[in-house]
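In this document, chain identifiers A, B, C and D correspond to the written order of the chains, with residue numbering beginning at 1 in each.
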Amino acid sequence: MTLDFKPGGAGLRTRIFQIIFESDTPLAKGFDIALIGVILTSVLVVMLESIQSLRADYGDLFYWLEWGFTLAFTIELAVRLYCLDKPLRYLRSFYGVVDVIAILPTWLVLIVPGAQSLVVVRLLRVLRIFRVLRLMQFVGEGRLLLGALKRSVHQIFLFLFTVFMLVTIFAALVYLIEPAEAGFTSIPTAIYWAIVTLTTVGYGDIVPVTPIGQAISVVVMLIGYSIIAVPTGVFSAEVIRSIRADRYSDEACPGCGHDRHEKRAKYCLRCGTWLDEDTPDPRNDDAPSTDEA
Amino acid sequence: MTLDFKPGGAGLRTRIFQIIFESDTPLAKGFDIALIGVILTSVLVVMLESIQSLRADYGDLFYWLEWGFTLAFTIELAVRLYCLDKPLRYLRSFYGVVDVIAILPTWLVLIVPGAQSLVVVRLLRVLRIFRVLRLMQFVGEGRLLLGALKRSVHQIFLFLFTVFMLVTIFAALVYLIEPAEAGFTSIPTAIYWAIVTLTTVGYGDIVPVTPIGQAISVVVMLIGYSIIAVPTGVFSAEVIRSIRADRYSDEACPGCGHDRHEKRAKYCLRCGTWLDEDTPDPRNDDAPSTDEA
Amino acid sequence: MTLDFKPGGAGLRTRIFQIIFESDTPLAKGFDIALIGVILTSVLVVMLESIQSLRADYGDLFYWLEWGFTLAFTIELAVRLYCLDKPLRYLRSFYGVVDVIAILPTWLVLIVPGAQSLVVVRLLRVLRIFRVLRLMQFVGEGRLLLGALKRSVHQIFLFLFTVFMLVTIFAALVYLIEPAEAGFTSIPTAIYWAIVTLTTVGYGDIVPVTPIGQAISVVVMLIGYSIIAVPTGVFSAEVIRSIRADRYSDEACPGCGHDRHEKRAKYCLRCGTWLDEDTPDPRNDDAPSTDEA
Amino acid sequence: MTLDFKPGGAGLRTRIFQIIFESDTPLAKGFDIALIGVILTSVLVVMLESIQSLRADYGDLFYWLEWGFTLAFTIELAVRLYCLDKPLRYLRSFYGVVDVIAILPTWLVLIVPGAQSLVVVRLLRVLRIFRVLRLMQFVGEGRLLLGALKRSVHQIFLFLFTVFMLVTIFAALVYLIEPAEAGFTSIPTAIYWAIVTLTTVGYGDIVPVTPIGQAISVVVMLIGYSIIAVPTGVFSAEVIRSIRADRYSDEACPGCGHDRHEKRAKYCLRCGTWLDEDTPDPRNDDAPSTDEA
């Protein structure tokens, strides 16, 4: 997380800041893990509450637990804002928005009944887990994946755009052909059916009943079955490119211009020139001359 | 888009041509974007009209809107044809055919009732969007994807051919084994079931009920689950090949004619000739002879 | 197709042989294409006959057409055998077996009623199409795909073996937990359900109804959704390897031992040595010395 | 399998050990294959017994067969333990645990009725097949696959974690929107529905009925259809990396310590030292000095 909101002083605020915003001391790490535990528990409570039989028996318990969690999270947010120099800026950041959304539904329920289930967006707060993980092995890999995803995004957008156009045209065709009794009551419903079919989900709540409708749906299925290759191929290629780019440097050798060395290389693979221009070549000290490295 | 139909003069026709056929001036770009907006709105109207409850309330509105869009598109097509020197040739081009198809269904409805829903093919006109996008980043990537698709087409055709043969044989087997009550009323229906199964769509409208029928359908499922690897593998390999090909230049070496160098190459890999003809070869100036490049 | 059965002489038998077994003369090619047309038509007839309403109207026509095709194919097989020197050997070959299977069901129907639908295996005869295609571009690509498939077979077998073991254990678990009314009447049925789930087909004819059963099926789904990566990954890697192997030779340069040249390379990319040891180096004739190739 | 439990002596115990624990003599191999046959048969019996109609007719036979297999496996386990020096250590090993689990359910059934179906975990004993296969071609490939899987595990875990978070949030949304009659009775049930949808299984036992619910499920489907690319891409990249790594040797150069040469390399790529220490460097004999190896 960016440290732009960091308090300047070294008093209580700074100490709180280090505990709840950073994660490099044992105390801060412990706070993060405890927080994630509380978040997961509060999400679990919302889930359990949604089960009819449990609500009947433990409705009151759930009610008070929910308010307990909401108060705790509200206080936590207040403390967070207190120890920052630019609290408003934090509220506009990703984590700030998530923090507000996580407590909003319960407070909202005082006005709008039923909004309570939205409390599961609280789960997004678990994204904080990545702050803990950052210190570990995961993040490099996550960044590699995310980089590959980002570079695939344009192509996958193009792909989805084409898919959606195909889907709409097929849906209109099937809507014309199939009787309304089969479930194709409108074009939007037919689009829903076409996406259910193309993505190979196939609920079976709406199915074509006429031979021509079945023939068209067979075409949609085969398209869906084949073009899954497109996002997969694009993303695979990007991951492979990322892995490779990770190993190789793009800096050119000052001697011969060869510019595809492994990052760990110290001498040019082609002409033996010393690559690290900031430090002197150890060969100039050592006797064993290996000109042709 | 090809400019074969371009008018020769420089009067009104030429100005209209520049606005509605090209997209490199602000006015032309604005026209394209407005056009796409109108197309999408007209498609939306067709979709909304297909919803029973909305049709009951706003049927008349939809009716007049639809005629309004059709008249607008008809006039637009007339203007397009007017400002071209070879209007017939445009009508035979891809965009020309799409333009005609986009207005045909509404006019047809005067003769054949019910054809109206086909108006969604109007969506194809949105392909014009690629003309706007061409000026942006997308196209290079789209072309890379399309190139990979084209080179995969033969292999994916072979694959689909084999799949269809397998599907027919399995369908005939299951048709023999399963009772008609389970839904396997004919071999074409059984083929429909087999494709629903092989593509892992699995509607569940027709399912095998005998143990042998279930055993055969398990085989079809496992085949479908495994061979999805074929189009995916082929396409992935092609994308990777495309990306790599992107790294190579097609310019031939002036010395030996070798024409597959990495773009960053400065000397021919085959005969050592200096490749960049616009600047002098540094070897001729610098003293340190780097014969071993 | 292997030409082991080829007749030695040059009379009528040889001419017939050239027409029906080979495909390099226009007549032979025409025969092949006509044959494939007839085969596809006969398969179509079987399909149409299976449709109740068509059978009611055209039953007799279908009956006589079917016997017509069977007689034609029987005569064709007789002619094939006649013009071969080793007819028995042909009957034991792949195409021979297919030819016999293609006519057997209709003859069998004189004894066993109902076997007729098996006539669709006649579709296998269409494999002869590959003989025509061989002369075209397809085959190189088909062989590349087949090669990649063959090299993936061991790994995909291992994969399917593991999958089947997992599936059986999960099926037994769900069989224990779910009531028989939900459709889990026996372990084999539960295995059928598990494969329907793992391959993401999901008919919905048998679904878990208890929370624990649903939890287990969620695990099966996630496994199925993730491990599809295994055959896809293995096959993609093999295709990429095939494409690369296709372009590079493994023969080492006699000069420097470098052994990764493109097949089209004439000189070693590293030391300029002439690679084709059977013919003399043209450089020894030509004046322009390109020592540094 | 590790040979840590191996008996020291050379008497009967050692001979039994060689037969039932190793697989390099014909007798030991035969024992392994026979054992696998018996295991598969016993699993088959459990499966058949679960079929109502067969149990009615052959219930007694199945009962006695089951006890026969259990006794046989119990005796086999006893013999295994007898011929080992550290039997307890074996019981804690993977195969030891599996051996115990394989006989436990039948003995348990004396106390807890119904546990019998768990006997299929006996199938896990078939993993012993890998001991036989180890001597064959499979293992190298299996290890390659397993290595690729292991290196993908972190990334696939990250992926599943993200998926599960998305799924929970979408499930809560749909739970709020859809009426309970559609089947969305609680958030856990909605999560079950979301995973059924995201993995493209699509049973159809619970489907959205409101337009907004259908719109959300379309989003879930498209996400599921697209992100399948992630595990596939990651695993493909790992397999390709494994295959490539297979081409490299890990032995260090005696000259400079560089330890990533292609296996076919004869000279170090970094310092030109002769790598094969067992044979003399041909450069020392041959006149044509090839300094540039």
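Basically, a residue touches a chain if its C-beta (ideal position, glycine included) is under 8 Å from a C-beta of that chain, and two chains touch if they have at least 3 such contacts.
Note that this is a predicted model, so its numbers are computed, not measured.
J.: Between A-D and B-D, which chain pair is linked by the larger number of C-beta contacts?
T.: A-D
J.: Through what angle, between 0 and 180°, must subunit C be rotated so its C-alpha atoms fit those of subunit D, rounded to a multiple of 5?
T.: Nearest-5 rotation angle for the superposition: 90 degrees.
J.: Residue numbers at the subunit A-subunit B interface: does the shared fraction exceed half, giving same, or fall under half, giving different?
T.: Answer different: the two copies use largely distinct residue numbers here.
J.: Averaging only over C-alpha atoms, locate the centres of subunit A and subunit D and give their separation in whole Å.
T.: Taking the average C-alpha coordinate of subunit A and of subunit D, the gap between them is 29 Å.
J.: Starting from the mean Cα coordinates of subunit B and subunit D, work out the distance between those two points in Å.
T.: Distance between chain centres, rounded to whole Å: 41 Å.
J.: Please output the residue numbers of subunit C that touch at least 2 other chains, ranges allowed.
T.: Answer for subunit C, listing residues that touch two or more other chains: 188, 200-204, 224, 228, 232, 234, 236, 240.
J.: Quick one: which bits of subunit B touch subunit A in the complex? Just the residue numbers, please.
T.: Per the stated touch rule, the residues are 43, 46-47, 50-52, 114, 117-118, 120-121, 123-124, 126-127, 137-138, 141-142, 145, 148-149, 152, 156, 160, 188-189, 192, 195-196, 198-205, 224, 228, 231-232, 234-236, 238-240, 243, 264, 266, 290, 292-293.
J.: Quick one: which bits of subunit D touch subunit A in the complex? Just the residue numbers, please.
T.: Within the complex, subunit D contacts subunit A at residues 154-155, 158-159, 165, 168-169, 171-173, 175-176, 185-188, 191, 197, 200-204, 207, 211, 214-215, 218, 221-222, 224-226, 228-230, 232-234, 236-237, 240-241, 255-256, 260, 269-272, 291-292.
J.: Using the touch rule from the top, collect the residues of subunit C that touch subunit A in their complex.
T.: 200-204, 232, 236
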